[in-house]
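Common to both upcoming complexes is chain A, partnered first by chain B, then by chain C.
Take a look at the complex of A and B:
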């Protein structure tokens, strides 16, 4: 019994550590890629780590004196790390007993909700505009995520995340799962806060939106949350919808999953480089169309394709 | 043609004003000077409007030392007839008031607020009598452009002075853009009144960077020094301002510029347009989050900067213009290099154009954004690409030809979308046309001297000059004085009229569209507002004291007359 607990704990720590340490590295790689496409040299790959360290060492300036406001950034990062423990990274989700796909949908939106609450609490008009934009984009992206996960659940006949991944790995590509995967991929663009959907932060319009009042360690934690979130979402995408090939050995599957997630993020970064920012109502219209198309995936799933 | 249009204007003015028309005379081949009774200024303005003329700017002149009162000179342009018309209203010094013409011409609002601040003549009936140019803590009753106010007058600063603000309409909240905002490179303050994300109105306060350049020009510097100051009015279109000043002075003094100098000015003006439009494309891209456009256009722009450095010694602020011509020639050895750079820029600009016009997201962000109807563009007297993108066919290079544009006419790049997308297209077209113009100019470069000699410039002469800057038409007005410098030098930068169109352009738009709408006029606040230096190597800022600046100026001066520090 205690050996099982130990194993679960070790796997959970591994997932958390992978996400925590690799997400800034991935961000650094993506920045380098973006710089190359810009004909720039770009910052060193390890710059996100250095930025984070520097920001963590700065004074914690609280513009609002409230315990909930004070812990919001840490809670946001914790929610993403919790998400990392209920999705598979190479092996079964370590805390699978604690959450199925419904749990994933809930935990996945926690960090965004915390950011929105922080924005509304911080009292700046830019943060308020950014917060309402974040809310609108969350409301339009979340249905896409939900529909794609439901497609997976329908195909596999289970709500368990591991069950869906196992079913897909065993059965090979199907039309409905591929369509749902593409829809989720389009949602990752917004979940990662990349152009053309970085509308809530929009430096040039609302000066960082929800983050405008955040600095020092708080800013570091919120940024880390976003880097971790883009990695976790792309891991969820590749593990649930594109899990092949699978060896069943954690030491082989985990690096492969991380590599596939990097490919997803590279595609996201390329889309980011070749697009200007949309307006929030344009983005909502876009995600409405994506959500409607993902219903097609559900239709295929119903007829068993 | 010219004579007919002028004669027609004089006839109509005479019939409308009767005895109110004091004098009408042709000061220069392209400048009609009409003195009217100040009481009849609205009738005169209505007549000018009826004649289809375009309001340019108002010049306020303190003529008390010359035995008069205050001269309020409204400048108009008859673009089709290539004429300027000045409506001069001599206002008495005892009662410095004149009827406001803003109710007739909305575009005159700032010009009138400015002479109210600077000369102290009150425009009666102005819809917005607040301060425009003067700082909030500037003492009442001190008008800096009056001759009895010293150029170095420094009022004591007052704590807690604040501008008069418009109160937001009921049910709206205020989102401030500025005084410092990430995408506005210079200070300007727009208070947006918003409902949700929709802008329902705005209030503007600017002129934070007023540097007193006009005052310096007509009280401290000399004819030959002013071009170098004029060039510093703007960091991007500096050569435009020095050319415009020199041309106004040359017209006033009757100096004929050698042909080769006219061509060299044309070449530099067009090179400036090329790098300015590339710069703008980049900034516009950046404003809507499209940094790839920023990085690529600025990379393409760089060889043009190196080229101007090879020609003039500087990337920017070339220091080439003098009254009478230019002080630096272009050697034949440089011509092939210019052709090479043009070929590279042209090839890459075509690629950028294709990338921009093919990008559907970019269409979504710019089409229908920042609308400016043709009628309102005319009412507010908008100039340059924003005017041409609203289908107003004006271009100072064609309407009031200068330098070598009589030999090298540019294409009039028009669009009728009246939105930000059309402004992009107009600038892309002009970029291509400027490349053609530079090429034709160096192919036909005449030989000969580049600087005309001239003697004393007599007092009391007047010159008005227009130059089509990348941002629109710049206007310089020079009235000569007897002490080797202008008596009055008035600068109107293109952003001055264009910025006044912003409230109409952002009304009903979403907050997301405001930065790109402001950006779409290519605003240049420092030009509009007319010293601190930054060491580029270590980024250290050095602020010179007045004494140090005086020492610098004196060491650079040649010790000739008319220097009264």
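Take a look at the complex of A and C:
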């Protein structure tokens, strides 16, 4: 019994550590890539770590003094790390017994909820505009994520994340799962807050939106939350919808999953570079169409393809 | 018998309290405290009788006050389903009455004589409705509930809106209640008795012999209960009535009264109606009605500016979730007992959760109104959080609970509902689509409660105008109920196991639930994890405590190890407006600007709430207008006749003599004519 608990704890710590430490690195790689595409030098790959370190030592300026407001950045980061423990990274999800795909959808939205509430609480009108936009982005993206996960659940006949991944690994590519995977990929773009969907932050319009009043360690943690979120979502995508090949050995599968996630994020970054920012209503119309077309994946799942 | 005595004592408490409140109503707060004492006594007794029912299956049915000619009697039996509702009604009645003590001080122009006594009778009616097993008395209590709640809706006698809302409420609910009576009469004619057992037999034979009448009866039941629950399109009364009533009453309505629509559904479709083809059909109807309501109701809530009205539309949306769960459960019960039971448990559990967070939200909105006099989110402009910290904390917890943010209670019941829908794909592919709609609406719920919390509490602190007293948090008697309810949201969210067991007991205790799986094979026997499994394969799982523990550990680690690791200085600064110096009031982002593009995208799909105006048909108005065809013609006729008589009285003796002679001649002639000249 205690051996099982130890194993779960070790796996959970591994997942959390991977996401926590690799997400800034991935962000650095993406920045370098974007700079290359822009024909710039770009910052060093480890720049996000350096930025974070510097921000953690900066003075903490608060517009509101409330305990909940004070801990919101840490809570947001914790919620994304919690998400990392209920998705698979190479092996089985460490806390598989605790959450299924519905849990994934809801835990994933927790960091956004915290960011939105912090934005409104900060009292800045720019943050309020950003919060309103973040909410609308959640409203348009979350259904897409939900549809794709439901397609997986329908195919595998279970809501368990591991169950869906195992089923897909065992059965090979199917039309419905591929379509759902593509839809989830399109959703990752907005979940990562990348162009053309960086509408909530929109530096040129609302000056970082929800983050306008966040400084020092608070800004560092919220940024880290976003980096972790984009990594977790791309891991979810590759583990659930493109889990092949699978060796069954954690030491081989985990690096492979992380590599595939990097490929996903590279694609996201390329889309980011070549696109201008959309307006809110355009983005919502776009995701409405994506959600409706991913219903086609459901239709395929119903007929067993 | 003990249960009967307990309930008798509870009723006695409420009636005595109503009389006491009536006598002491004019003496300040005394009437209020009399009511609080009476309701707390009744609440304890109600919960005690419920505990008895959960423990040992309850006492046998007791009947009193027989009306032999009708085959009716006050039959009292508390089964686990009744017990669930007693457990909700008692404590929520107590909390809302306690809240009223201070809150009702707002209404200086309206006497409290018509408040506490009526409120207590309403609680009596609610309790009576759920414990009787006699259709006649069920309807008596139902009517009593409708009437007393009507009086409470029109409490503010000088408000025209309240009167209009009251009329709408009365017409819809009375119409629905008449339908229920019609259905009851049809069944009574066949059964000769109003006893549920006899009705159950007669409904089964009716469906066999005269299916059209049988389904018409079921339709009337469905219509009656859906109207009371606020299902659209019948539920148009709900936002008006909820907004017009005093907030303490609104909380009581939202926590108990409208939920009796679900009670009625479960009683009729799983107690009076044996499982068969009819249950499947009506299960689908109920689920579709629920889905329509949750979609239209919640989307309409998003554009409301009045906090209470926003929450009232969410009542419609939330009741849609319950109808969806219950309907899907009833429909699936025969083909897939596992998912059928899961859907029913989900629906009833969602009802319990809703009865915890919805009153809490209403009480929070009432507290804001009590202190600021405003319910408009745009006018409030936020910033109350600093001065009303307790109210904000409770409203925030309840808002997150209704939006289904884990680990609060709303998530658990939504999780059960979605699991029913998604795993029901094998029975119908429409079920997963419905589950997706429900998931989307859950985010819309989140959006509208972010709007409420932001519009009322968050943001730069309010600036009270010079001379006005500073805004403080509400008194303890208004805060305590909110704390209790918000705490319950958290506790039920973290430890849903005990409550779910009771809910499961209530569902499987219904006579039609034959072949329902026991709790262990439904959700696992563990006390830390809810796991739905079939044939040994885990289909869905949710463990609130481990997840929350991990979240807490990670959160503390992130706070201590990262956020505060640098040991940096914190400093309070004003909001940075990019260098512009503006009046703080102009720097606010008003609540009505939120999500405007989203509302525009959905503009075409936006279900405009059908505004039903009560234009009586002309003939009906003329028929009802007694002035028109009775009083005025009568008055006119009488007046004319009197004027005619008065014209003869000219005051000249000769003319009177002439009249007398003419009269005498007329009499003689008449006598001669009648007798035919014979002496």
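Keep this in mind: the second predicted complex is superposed on the first by the 305 of 305 C-alpha atoms of A that agree within 3 Å, B and C clash if a C-alpha of one lies under 4 Å from a C-alpha of the other, contacts with A are read in each partner's own complex, and residues count from 1 in each chain.
Going forward, a residue touches a chain if its C-beta (ideal position, glycine included) is under 8 Å from a C-beta of that chain, and two chains touch if they have at least 3 such contacts.
Everything quoted here is computed from the prediction, not taken from an experiment.
Once chain A of one complex is fitted onto chain A of the other, the partner contacts of A:207 extend to both chain B and chain C.
Applying the stated contact rule after C-alpha superposition, one finds that A:280 touches each of chain B and chain C. With both structures placed on the common chain, the touch criterion links A:143 to chain C but leaves chain B unconnected. Applying the stated contact rule after C-alpha superposition, one finds that A:4 touches neither chain B nor chain C.
Legend: residue contacts after superposition of the two complexes on their common chain; A:56 is shown touching chain C, with no touch to chain B.
With both complexes placed on chain A, chain A has more residues touched by C than by the other of chain B and chain C.
In the superposition on chain A, A:295 makes contact with chain C only, not with chain B.
Of the two partner chains, chain B is the only one touched by A:40; chain C is not. Taken together, the two complexes place residues 125-126, 129, 132, 207, 279-281 of chain A in contact with chain B and also with chain C. Those residues of chain C that touch chain A in the shared complex are 382-383, 385-386, 389, 396, 400, 403-406, 411, 414-415, 418-419, 422-423, 425-426, 429, 432-433, 435-436, 439-440, 443-444, 446-447, 450, 453-454, 458-460, 529, 531, 537-543, 546-547, 550-552, 554-559, 562-566, 568-578, 587-589, 593-595, 597-598, 600-601.
Listed in rising order, the residues of chain A touching chain C in the complex are 12, 16, 56-66, 68, 71, 73-75, 77-79, 81-82, 85-86, 95-100, 102-103, 105-107, 109-110, 113, 116-117, 120-126, 128-129, 131-132, 135-136, 138-140, 142-143, 146-147, 150, 153-154, 157-160, 163, 207, 212-213, 216-218, 220-221, 224, 279-281, 284-285, 288, 295, 298-299, 301-302. The residues of chain A lying in touch with chain B in their complex are 37-40, 125-126, 129, 132, 195-196, 198-199, 202-207, 273-282. Chain B contributes residues 173-176, 181-183, 197, 285-293, 295-296, 299, 359, 361-362, 364-365, 510-515 to its touches with chain A in the complex.
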